[in-house]
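Worksheet: one structure, shown below.
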Amino acid sequence: MLSLYSIKEVGNFAKVDIDRQKRRGIPEVVFAQGKTASETKGIIEAMMSESGSVVVSRIREADYSGVVSFARDSGWSVSCGQNSTSILIYKTAIKKAAGSVGIITAGTSDIWIAEEARLVCEAMGCECHTSYDVGIAGIQRVFASVHDMIEKDVDAIVVVAGMEGALATVISSLVDVPVVGVPASAGYGYGGEGSAALASMLQSCALGMAVVNIDNGIGAGAVAASISRRANRRR
Amino acid sequence: MLSLYSIKEVGNFAKVDIDRQKRRGIPEVVFAQGKTASETKGIIEAMMSESGSVVVSRIREADYSGVVSFARDSGWSVSCGQNSTSILIYKTAIKKAAGSVGIITAGTSDIWIAEEARLVCEAMGCECHTSYDVGIAGIQRVFASVHDMIEKDVDAIVVVAGMEGALATVISSLVDVPVVGVPASAGYGYGGEGSAALASMLQSCALGMAVVNIDNGIGAGAVAASISRRANRRR
Amino acid sequence: MLSLYSIKEVGNFAKVDIDRQKRRGIPEVVFAQGKTASETKGIIEAMMSESGSVVVSRIREADYSGVVSFARDSGWSVSCGQNSTSILIYKTAIKKAAGSVGIITAGTSDIWIAEEARLVCEAMGCECHTSYDVGIAGIQRVFASVHDMIEKDVDAIVVVAGMEGALATVISSLVDVPVVGVPASAGYGYGGEGSAALASMLQSCALGMAVVNIDNGIGAGAVAASISRRANRRR
Amino acid sequence: MLSLYSIKEVGNFAKVDIDRQKRRGIPEVVFAQGKTASETKGIIEAMMSESGSVVVSRIREADYSGVVSFARDSGWSVSCGQNSTSILIYKTAIKKAAGSVGIITAGTSDIWIAEEARLVCEAMGCECHTSYDVGIAGIQRVFASVHDMIEKDVDAIVVVAGMEGALATVISSLVDVPVVGVPASAGYGYGGEGSAALASMLQSCALGMAVVNIDNGIGAGAVAASISRRANRRR
Amino acid sequence: MLSLYSIKEVGNFAKVDIDRQKRRGIPEVVFAQGKTASETKGIIEAMMSESGSVVVSRIREADYSGVVSFARDSGWSVSCGQNSTSILIYKTAIKKAAGSVGIITAGTSDIWIAEEARLVCEAMGCECHTSYDVGIAGIQRVFASVHDMIEKDVDAIVVVAGMEGALATVISSLVDVPVVGVPASAGYGYGGEGSAALASMLQSCALGMAVVNIDNGIGAGAVAASISRRANRRR
Amino acid sequence: MLSLYSIKEVGNFAKVDIDRQKRRGIPEVVFAQGKTASETKGIIEAMMSESGSVVVSRIREADYSGVVSFARDSGWSVSCGQNSTSILIYKTAIKKAAGSVGIITAGTSDIWIAEEARLVCEAMGCECHTSYDVGIAGIQRVFASVHDMIEKDVDAIVVVAGMEGALATVISSLVDVPVVGVPASAGYGYGGEGSAALASMLQSCALGMAVVNIDNGIGAGAVAASISRRANRRR
Amino acid sequence: MLSLYSIKEVGNFAKVDIDRQKRRGIPEVVFAQGKTASETKGIIEAMMSESGSVVVSRIREADYSGVVSFARDSGWSVSCGQNSTSILIYKTAIKKAAGSVGIITAGTSDIWIAEEARLVCEAMGCECHTSYDVGIAGIQRVFASVHDMIEKDVDAIVVVAGMEGALATVISSLVDVPVVGVPASAGYGYGGEGSAALASMLQSCALGMAVVNIDNGIGAGAVAASISRRANRRR
Amino acid sequence: MLSLYSIKEVGNFAKVDIDRQKRRGIPEVVFAQGKTASETKGIIEAMMSESGSVVVSRIREADYSGVVSFARDSGWSVSCGQNSTSILIYKTAIKKAAGSVGIITAGTSDIWIAEEARLVCEAMGCECHTSYDVGIAGIQRVFASVHDMIEKDVDAIVVVAGMEGALATVISSLVDVPVVGVPASAGYGYGGEGSAALASMLQSCALGMAVVNIDNGIGAGAVAASISRRANRRR
């Protein structure tokens, strides 16, 4: 399960785990936030030399177009997340053989997180169905959206919700597939910055949901795609 | 608005505000938790000598039957809260002239809080309609309950909910009367002891709800009855 | 109570609940903070096509004058909150048929929150009486202000207070109408950013107050106006 | 997806959602902690009259043997969790048609939580493989345990860990099936009562894990079994 | 200012600072909570052999009468705090030469804390004026109490208040002597256990108050008596 | 004690309590942080028309020199705090008749807070003795500093300390005058932003210290000067 | 460094890491708190069959004498911690070849923690020098104690302190050997239960100290003995 | 141990403890963050006049090159930390006589903290071995790195890790030298800003590790070098 020597050194600042995709079915995601543009590009290069695709998340605004250009200039394709600073770089279109995932947000401001999840799901070979801005203040929107997901027979549902985060519980109470809750940092005051949504999802009275950290669309996508891939491994 | 001399001393441990019912329309509630049985009885006596009724909340288990007997032996009537350690003591039946309040709980373990609210509402002259255990894990229960409250034309709704507390938001999103949310301490782990429910209610995406503290059924009842009384002041 | 199909899609980023005003008596408020100016304008347009008015809150400073101009250029009237980034857009003057609300602040820096409440109350048809900077460090100011509110026979009082938030308790102890407390984020150090005021209001020893989240003037306005409207529904 | 009238009232304290098993594939679990023995028995009776099995969790120590006897005297079988106060009541042996789940704990004191998960998984038709006390202070234990789970081709792995909770991250870094982390309340001081383990799991540098609340073995079992059932729905 | 050798060893578990009364004017207080009755008695003995009095605080309920008897049997006088487990042991009546201190509580349940302060003040030679149960829910009580303190020309005022703790701010806004606030642990839910009162007092909008820790009547008494002693050092 | 009509309205944004200096001996301090320069100037003007001096704290950097100029141009004197954005405006030199206060800081970065305290003390007629950067990492500095304060016979000592805040406890253990602790926000990580220093001072094992909020030099100065004034009232 | 097969199974509830002493020089400590007496005894037996000694910590009061008897009846020697529920079981006296460690407490109530550290140090072959109850409220005690430790040339010092925990910083500022701080849970109110002491030690302005968790005497002993052993490895 | 008169005043803003290096073997580090460039330079000058080297940490970005130039222009050598704003200024190369320290980071973004530790270790005469970016998501990297440190026979290991911080526990479980854990602030959401890593390290199930505060590379270096120096004092 673990190859002891699958390490690729990048300069004196990074050691890439080139075995991860094979071992885990989940690609190593480049978290660009704490890195300089040149460090990020160096790591992208190292990873693309070993693999067919890479997800890069949280690229600093100032570096964003530079990183995209770098990838395109290197001859790779780039898929950009809507409202997001994450991208998927790939050599050839990734085959959608790992089932399908539904992705729902409570509000407009949560879309960038949902899109992080979508990019990871697509990198892992899943089809994605999205439905954005279906908060429970107008709960009729939720039923329409859930109905759609059930019709599409998704293997898992990612629900991104900030403020009181109740959407995740409501959806979980209505479906029979696993739900991955993502608390979003929308909201101010007590319980703001996603803490109410996180607490709400961990306290959910509806069984069948598990949770990732606040704003962690990448993590939610990886879990949902793992579930979906497992559900379709015999295809 | 304020009579500077309306103070009644009880022993050397209490100063009763005998003007409160008149000034505020809200009776002074005896919070028995930190008091000995004899202190509690002393204060009850002082208040009943000035007023027609008194609510006593959080009577210690060991003191409960003693306090009830004391009241009955004094010739007063006592109304006991279901699953609760709060009671309403009164001389003659209180007239229901201050409108009606709906009281809903998410679970069975929240009933004692709802009953505290009910006793205060009745002390303030409101009719109460209750619906207990309508958590959103089976959301069909919620619609039935809300429909009932709308039919009864309640002036305000108290919603008691623990764990993720989403019930308050769902109900608030469906009605056009003010909702008073009471976070309940049901729930363990992160967000337990009512903190998730409190955060959830304060972060509610549905406008029209205000909140009292965790497990504070007394406070919720007083607010709801104030609203209801105001709504019916011209009757 | 709930029309299952009352959804208006705006681009691929918003689903407006066009039924809300009718169902709840509370208009959907556009929370502009997490939205681009063009998204905000798109949603305003969608909502004004269905309704006579809309409140837009927390418009980013850079977008503020653009949004106001857009509204005026569309032929609508705009009412701006003093010291605030929230506005009320309306077609024809809104009738003041839903009673009156008192709005009080402890300090000068809390005014922007009070004004959010005022705009929502006016959108919902309430008359507003304001009294700003009556902190209890000079408690004589409080009595004058409360006396005034009682004279005006307001149906509910919104109290905005930061730091230790005691003003809400003091006012609540003096009046017989429901009080809606709004903790304000004024204050630094322990209990700063509104947390002391929130705790103080939830712990209030004076029954009859309910609370909304820190700085949530919009929410307070909606609750107070709901109370007031209910109190005047037979007019 | 939602039958509006599937509610079964039990006394005046509970409303059972009899449609849940059909709608969600997850049985309603009776959380006995806040209920009297007779309330618990009443709800068990109501649920067994509609279904073939029920899980009862967190039975108070004093009520435990009484509830077990009640179930056996009613002619049902009972499966008890090792070191736990949760039980599975069933009429006939539940078919293991929904795949298999691995359950691992870091310490001896976490076993009762793992057993809650096991009972729910078995109620949902999953086979369970357990490995207890494999904390990373002796990391050789982890590799042996993971190797075993991979050999058994489990569909999902539940990892229960207290203190620093690192076991969940280590396991997640080694496998290609979804991992459900359960922070356990073992541990004192800063980060005690499960909060370090929860934070650790939410911050995990290894993608592919989602989390339930502290000590929530029931929730973890429901998620893992949902994943497993989905992965085997075509069998 | 510091004698390097003024240490008295008691068994192998304590080292008494016999110089403290002389150096600081504040006696060493025996915090009995974490000690066995015999350890407590041993330390009392050691201290009384060097000094004329000693305060013993938080004596375990089971040890209380034993410690009191021990002191009386040793030929000393004992003054007991009302509702408190703290006592003052002294050889001859302590001269009241250090001015006077006012002590006020918001509720009945705060009296035990106020009494801790009183015992320390008396040990340090101050006269004490107490006024208990003057919470601001009936603010007329406050004015009467403050008026009384001003008349008595106290040198400092200790205010003990739980829940929202606003009493300390109100009193501080009315007087021209230093106020020492003591947050009391009365109160449950958010801000309970004294945290709201602490935050409220630290955030007080009325200058002139400093604060000691929650329930720390001993500390408040020491500060108030230090102030009073300083104010009367020329007598 | 309280004149009910001593209110001076400034525009529609402030109500100055012109009675405060007389009632409390503490001047109303203008907290400029949340105000525009013109609001600040308006309030200064209103207060100087009633009084001989005013302290203005936390003037925004951009407004600082403008406010100072405004005061000087109005013919008043201005005293500026070292490293601080607070100033004291006065007409004629304030008489030092209210005793003396010692002010000590643990580090260089705490000086601005100490200077806030100094300005308030001087406004209240106290002489100030300062000693800056005497942190206990080199405890010999502390003894020298304390020795100096004792020699000068100060009436109270303000100790400003960030990080672990132990300086306040060490000083308190050595002197016989009241100590006012001010936790400073110096420090990062756990316990950063002053929270460790606050906790440390509230938990102090040395009796005789009371505490104001983090960075609240103004509050500390007011308390220390109140103590000092009381101690010298017979002069 | 890691033997993959050094695991000893005990029943179905524990997997002992029999390689640890050899690999790490630190024995596996049996944390008895969450175990039944028979589980504890089983693990002791398994470990003693592989090793010459074992430390058992936090034995439940009810189990304490039974565990001690069991060990003695098995023919082993037992060393008991003063005021503690931890013991050291050994076959033959452990050679003191690993240097010496100083152990200091601020108060009497911290002794049980210090004794946990002492037992681990002795199990690891260190000599221990203890000095208990040297809190800084009488700082002359500290200098005497530190002087003694320097004379004895200890290799490391463990400092156990509750409340404000300043003792650790003061000692660290005076010595040139590593200091291991142990925050103790003595103390109530804000910063109580050891949180102030932890924050204080982590924020220490004196370099050269590292910290273990609140009340973790076992951990502190292991670190100090590791340091001492390293410092004497060439003996 | 303590020279009472070793104080060097710098302007009116600093008092340098010139005895520290001799007393403690740890140089006073200049924490530049809260100081102006000229204050920093003044303190550097004062310290270099008494000593052969000084570490300056957290120099503001804008001041960095100025401070470096100042040092070089003064004729001293400067060693800069990689990715860091800390520097080591020295007159002649510091002799490596105090043993060796291993420094490991989990990620690229933790390097600046590790470099702070390295500079302090070098200032104290230790050789440093670094290994950066060995996070446990690819645990094979850890074994390679630990193997290397064991081969080099380091006297102590500093482990810097953010997010879940599990690397410190894994390394601690494998080695027999003391480990100093440094939680790093990498990570967002719940447990972000280093709080999860801190909790994780304090809760570590592997004995033998002590912890410094979040991002405190300076403190970790000082502890590790103290250990190493002690271990090599007889060389």
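Note that the chains take the letters A, B, C, D, E, F, G and H in the order they are written out, and that residue 1 is the start of every chain.
The working rule: contacts are C-beta pairs under 8 Å (C-beta built on N, C-alpha and C of every residue); 3 or more make two chains touch, one makes a residue touch a chain.
Since this is a predicted model, take the numbers as computed values, not measurements.
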Option in F-H, A-D or D-H whose residue-number contact pairs overlap A-B by over half: D-H
Interchain centroid distance [CA atoms averaged], chain B/chain E, Å: 36
Distance between the centres, which are taken as Cα means, of chain E and chain A, whole angstrom: 58
Sequence positions of chain G contacting 2 or more other chains: 2, 107, 137-139, 143, 173-174, 189-191, 195, 198, 202-204, 207, 213, 216
Listing of all chain pairs that touch each other, if any do: A-B, A-C, A-D, A-H, B-C, B-D, B-E, C-E, C-F, D-G, D-H, E-F, E-G, F-G, F-H, G-H
Residues of chain D defined as touching chain B within the complex: 2-7, 12-15, 17, 19-20, 28, 33-35, 39, 183, 185, 194-195, 198, 213-216
Residue ranges of chain A in contact with chain C within the complex: 82, 107-109, 111, 132-134, 137-141, 143-144, 186, 188-191
Chain A - residues contacting chain D, complex: 1-2, 23-26, 29, 120, 143, 146-147, 150, 155-156, 173-178, 180, 198, 202-204, 207-213, 216, 218-220, 222-223, 226-227, 230-231, 233-234
Residues of chain B defined as touching chain A within the complex: 106-107, 135-139, 163-166, 169-170, 173-174, 187, 189-192, 195-207
